[in-house]
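Below you'll find the structures, each written out as structure tokens.
Shared chain: chain A. Partners: chain B in the first complex, chain C in the second.
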Partner chain A sequence: MDRRVFLKSAALAGFSIATLPATLLRANADGSKILRMGYGSEVLTLDPIKTTYGADILVQGMMYARLLHANPDRTEVGPGLAESWDIADDGKTYTFHLREAKFSDGSPITAEDVAFSWNRMRFQKDSAYAAPFQPLTKIEAKDARTVVMTLDRKFTPFLTLTEIWNTGIVPKAAVEKMGDDAFAKAPVTSGPFKFVELKPGDRVVLGRNEHYYREGEPKIDGVEFRYVPDDNTRVSMLQAGELDVCLAVPAPRMAELKAAGFRADPEPSSTTYDMLINHSAEPFNDLKFCQAVSYGIDRTAINAAVTLGLGTPASSIMSPTLDYFDKSLPVIARDVEKAKALLAESGKTGASFELIQNAGSADEEKAAVLIQAQLAEVGITVNIAKIDSTQAWTRLADGEYQAEMNWWYNETRDPDNALRWCVWGAGDNKSYYTRYNNEMVNKLIDEASGEADNAKRAELYAQIQKIVVDEVAQVALYHPTWLNAYAPSVKGLILNVGLQFSSIGGASLD
Partner chain B sequence: MRGSGPLAMARLRTMPATLAIGGAITLAWIVVAILAPVLTGFDPVKVDVMQALKPPGAEHWFGTDAIGRDVLARTLFAARYDLAMAFFGVVGPIILGTIIGLIAGYLGGRIDAALMRILEVTVSFPYFVLVIAIVAVLGPGLKSYFISLTLVNWVSYARLVRSQALVLRGVDFVLAARGMGFGHLRIMLFHILPNAIVPSIVFVMTDAVLAIVLGSSLGFLGLGVQPPTPEWGAMIADGQTYLTTAWWIAIFPGIAICLLALGLSLTADGLARLLNTES
Partner chain C sequence: MNRFSFVLRRPIQLIPVLLGISVITFLLLQMTPGDPVRLMLGPKASQEAIEFVRARYGLDQPVPVQYFYYVMNCLRGDFGQSIAFRGPVSGVIVARIAPTVFLILYGLVISLLLTFALAVTAARQRGRWIDHLIRLVCVAGVGVPSYFVGLLLIMGFCLRLKIFPVSGYGPTFINNLGHLFLPALTIGIGVTPILARNLRATFIQQLDKDYAIACRSRGLPESYIFSRHVFWNSLLPTVNLLGVVVAFLIGGTVVVENVFNIPGLGNLLIRGVLTHDQFVVQAVALLLAVGVVISNFAVDILTAILDPRVEL
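After this line comes the complex of A and B, so read on.
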């Protein structure tokens, strides 16, 4: 879930000046409709199990079909490659019935391919994101059209996970023949688009998959996914007609694009922008100090300055777009007197900490400088350290930090993997490297994921949200929106909360 | 003939116009840097979200940035850091480079060969990459920036001084000085150096501009001055996304950096004219 895409793009902007494509003419000289998208980070791999990186996820979402298929805004999942499915009474066995479908090379998609893809994702050593699938213990092809999956416990979010990018179906024969590395560079696909070309550091070109299982889709002939690291260059390319879609538009430029006739409306995102704090190190190893910091921060002001009001100040650690988001929680308000009192109680009067900020991220810098000024009024000194994003990431993962500006988003609207990512102390990433670990929270997360009743799940998640806000598992600041701009010719395309163009098949280009 | 250099002969009345103008601009910036707190009533790091993105007006002459900081105050205070980057960015290299170049050029032989190999190794790495690597090892901040520049940038000066020293060691007044039994150190310092240093003095002005640019680039990569310290390069980077909506955030520091660069370049040009005509 760490999709530090926007950050990386910003960090790279400093020294990689976007090269304009050699041909400024539209790629559709022959009349074909190619959708040209510009994004700030580079596609690194086309193998769905090898990545948790935003650019990869976006592109792979258009290349591989999954068992289930999400509606455009990902509020629900419905039939995909699986026409139907049965869940055993004990909730532990899922049987998927596949439809007739073909890979981009014309070979049939069989249960064998599905089992192969899932086993790779779940059990292959270098699978990047098997963590949310812990309860899944066995995947097998019962016959040519039936796949049976066995779980070791009741796990309500399971179906929503059968749609995420890394469960994309790949052909067993091709992967085995080519080997992982070669496949990742020139894959055979199962989704709306087939692979045409990968130019590292420049673009990925996709063509229409004639064998795609959804009748009449895709409507466009192909996609060019271009890497344009500099935000402003990307916007200029959209304005000049060199791109049809500009992803990750800087907030100050949205109004201008909208006025110029582009579709530039904020799109809901499951992102939480936060300050991660290291609960295992001074000074954040003290609850009162964490609370003093949390009360000392003015989230409304930060949201206004950074998102220009296009986001919402945080009330929960979870984004409001997630199911079971507790609407009753108030925005975490600033209270300097309370913060001062808590600071005094913590005995850390005059404390200071280093706040790491990814170099090149203007948004993070603004937020960090505001936090610095706001906490100065409480009596806490913040030293901002602007460091390169790779080093920042390493220090975060190694726990060699005190506080770090960061953000994360969730694939699904179901909050299970979000919470397991950010507050589940029993996970591999130690509550997103904050080393926050509350047995009670861990237990509640497990309990909620095994609960089938909606009302009861809601209650459990409300309980969790309250605890993690009270205990400042991370300092949630605000929930931004995806800021993308589309040329007026692009119809029926939206980016959903989980950073996927689920509606790409039906999208058209005039 | 005494080994006095052209510097000693430079006379004010023949000062070229470029030197006068360039010198005045540069001097003006130094004054601004020193008097920054007097020139503006605003605190360059004080944030005020309610005052964010205000266009230039009666209160904020240069407007405010995205988090409500006064752009004028930041531009003026930034002169301190940018001038410091310009000055300290060249002072280390010129001292180290001159010493090495002088020794290599005057003594020649094995010492020259050895020093030139070190020089070649240094230049064999891409300049920017080497600076970044050294700063990364030493940690971010102005101090490590100066150290890294000294370690990398001395080569330009060493080459300039060496080439001059190579020629000068064979000219009559040096041979005469030797004949009189002067020591190597004395000849190097008083006879060779004043003449050999001239191209470096011209070059140093241009180099100072490059030092500012490099410092700003490093700021962009997080290796230069840290937020919220005002610095022109960082301010321009901040203002980039606001160019179409709040142009004043990037334009004013942009003008400032151009003015200082212009001042330094004119000074360089003027110095070159002055020293060339005199010698």
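After this line comes the complex of A and C, so read on.
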């Protein structure tokens, strides 16, 4: 071919490709009702015992049924795969009676499967979140429909724990046959949706589980859970109709979405945003210094700046959405004079500390800068260090830090696992890596979890909350809400306090 | 040198390049502290589970030992395990090659079209207002970051005009001409100014050459001189520049894939670095390096086609 003819035809071909009508877009109309959700972090595994990671928890919650079932806003848990249950008089033996139900492959869900799922969650070495289940010592299938669980002490929060995501029931036969790794990539499910496809780092596609035990659920044909790391892109996709649900909307964009007709109301969350402080290191190894910092911080201003008023300033370490939250505790008002006096008493005048902040988190950056400015007025110098989250976690866990911006949430409304997570010094995570350890608090937490009487529990939890706030176990800043936006066609779907779409079964899509 | 040995030489040159890149990426990731396992298991994972998984992936071994096993495994075709995705790296990467290659080629086509349109217009209208305007636009184009261009395009074409989708990668070729048009335009806009300025300058240089003046003195029309002689003689420097620009395009995908949410290699590389997913980063870096070498190879061949005097 002549050189010029070649080049000319190549140019022509290029031109026609680039100018082809760009409206030749996706054809998506086969009539099926697939709910498309976008989230900022991606699904890494579909095995419920192998993770404590937000995206995994959200998706797995829609895939695996649990013994008990939560109502949409998780104010109560009721019969799930277990139709009924008996608790022995000593409070240490729980007997669950299973209903007739099937896995997504049509095989029956038996007591063997339940015992298998629970045993691997509780005892398997790489089970990520066995911590809340410490009192549980034995799980066995008594007959095809009965599971008996034995605890080593009276433990009131136990029933509410039988609903959390990592107790999801998996089929023994399939897991044993495929092995953990293969199962996690193509699981057989017990919840409202079955597994269809996993594209790592892109999306998980779920379909309707025809064998789901709850009559008439789910109402939609499937869920597409997409990873969209960029906040603005995620919002744009909702606006352009490419998503039905945009999870984790940046606070400044909520009003705009609401005005445009999306359902964009803040939803209650069990999250606490806080500054974790290392009680075993300078300068936070001194109570007076911790208190000086606590009084020097303006929680109301931080809440207003970061959540734009969509959250609440923290009074307790626990979120107000948790049971036994002590309403009588006031938000600590900023008191610079008192903070200065406490600082002088601590003998650490002129002290400084490094505040670690996850690079890339706009919210943490805002809060950290405010803390820096507010404490400067007290006479404490804060050096902000922005580091990436893998490194931040390592330093936190190793105790090689002074202060770090962080947050945590709780799976249940019951505060037991929340407190064991963040102030129980006897735990594996050393009070969420703060090294805060008060024997009295540890004892009170144990006592409260063994107490069946509501009023007495409330009293104990009030006592605990007061102590940990006084002793600044961590500097709780504010309690945010979940900021999600739903297309008007999405009906009946809410995200509950424990980061679960317990309402998904009844949700519909017009 | 004959063509055969030229073709043979390239893969051999690739070996030291790949070794160098693998050592550097390996060391860089090892030097930045951080634990991928903690991120993979999530904030509430127990210490015990984390230690167990770390040992399972061999992350408790000394660095040289890890690197040695890595190279030995690569030679056997095993590029390691993705820690985050709990599976072979190859499985994670293969599905992501097509979107990125498509995006780069599409971006290249668009930027070449823009380049020719701008450079030809500017050179033919030298010194007039349109020439100044084009040069101004080129300066601005170099200065504006691609994520900003991407956001503007999304706001205009996706949200206002609703012509293009915001995100994604479709199943068919035709489908993706629509899906990837804006992202390709974004990376195209990023490199066009470099190419267009270069091409315009060469056009002008050639228009003042003796052969062009000789043509004019013989009364040939200006458009004939340009399209018949000047145009073809001006292409070589820009084609050579193209080799460098393709590396830019490849780099540009990292940002653009994130803004337009395209499940490609750039996207994977970012999250791999952020989560310390060692072998994913290694594999993507090596793959991109191979891409750059291949594109330079293509440029050499193109040069030979354009200029028959050039021996490979």
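Keep in mind that, in the parts below, the second predicted complex is superposed on the first by the 482 of 510 C-alpha atoms of A that agree within 3 Å, B and C clash if a C-alpha of one lies under 4 Å from a C-alpha of the other, contacts with A are read in each partner's own complex, and residues count from 1 in each chain.
The definition used in the following text is that a contact is a pair of C-beta atoms (placed from the backbone, for glycine too) under 8 Å apart; a residue touches a chain by one contact, two chains touch by 3 or more.
Note that the coordinates shown come from a computational prediction; the quantities given were computed from them, not determined experimentally.
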Touching partner for A:N429 - first (chain B), second (chain C), both, neither: second
First, second, both or neither for A:I384, with chain B first and chain C second: first
First (chain B), second (chain C), both or neither touched by A:Y129: second
First, second, both or neither for A:W421, with chain B first and chain C second: second
Partner chain(s) touched by A:W408 [first = chain B, second = chain C, both, neither]: second
First (chain B), second (chain C), both or neither touched by A:K177: neither
First, second, both or neither for A:N232, with chain B first and chain C second: both
Partner chain(s) touched by A:L370 [first = chain B, second = chain C, both, neither]: first
Partner touching more residues of chain A, whether chain B or chain C: C
Chain C-contacting residues of chain A that also contact chain B: 11, 14-15, 232, 360, 388, 391
Residue ranges of chain C touching chain A (in the complex, touch as defined): 32-36, 38-49, 52-53, 56, 82, 84-87, 91-92, 95-96, 106, 109-110, 112-113, 116, 151, 154-155, 158-159, 162-168, 170, 174-175, 177-179, 181, 232, 258-261, 263, 267-268, 270-271, 274-276, 305-306, 308
Interface residues, chain B side, partner chain A - complex: 45-47, 49, 52, 66-68, 136, 140, 217, 220-223, 226-228, 237-238, 240-246
List of chain A residues in touch with chain B within their complex: 11, 14-15, 231-232, 250-253, 255-256, 298, 301, 304-305, 357-360, 362, 365-366, 368-370, 372-373, 383-388, 391
List of chain A residues in touch with chain C within their complex: 3-4, 6-7, 11, 14-15, 17-18, 20, 22-26, 42, 44-45, 50-54, 56-57, 125-131, 181, 184-185, 199-202, 226, 228-230, 232-233, 236-237, 239-240, 242, 360, 388-391, 393-395, 397, 408, 421, 428-429
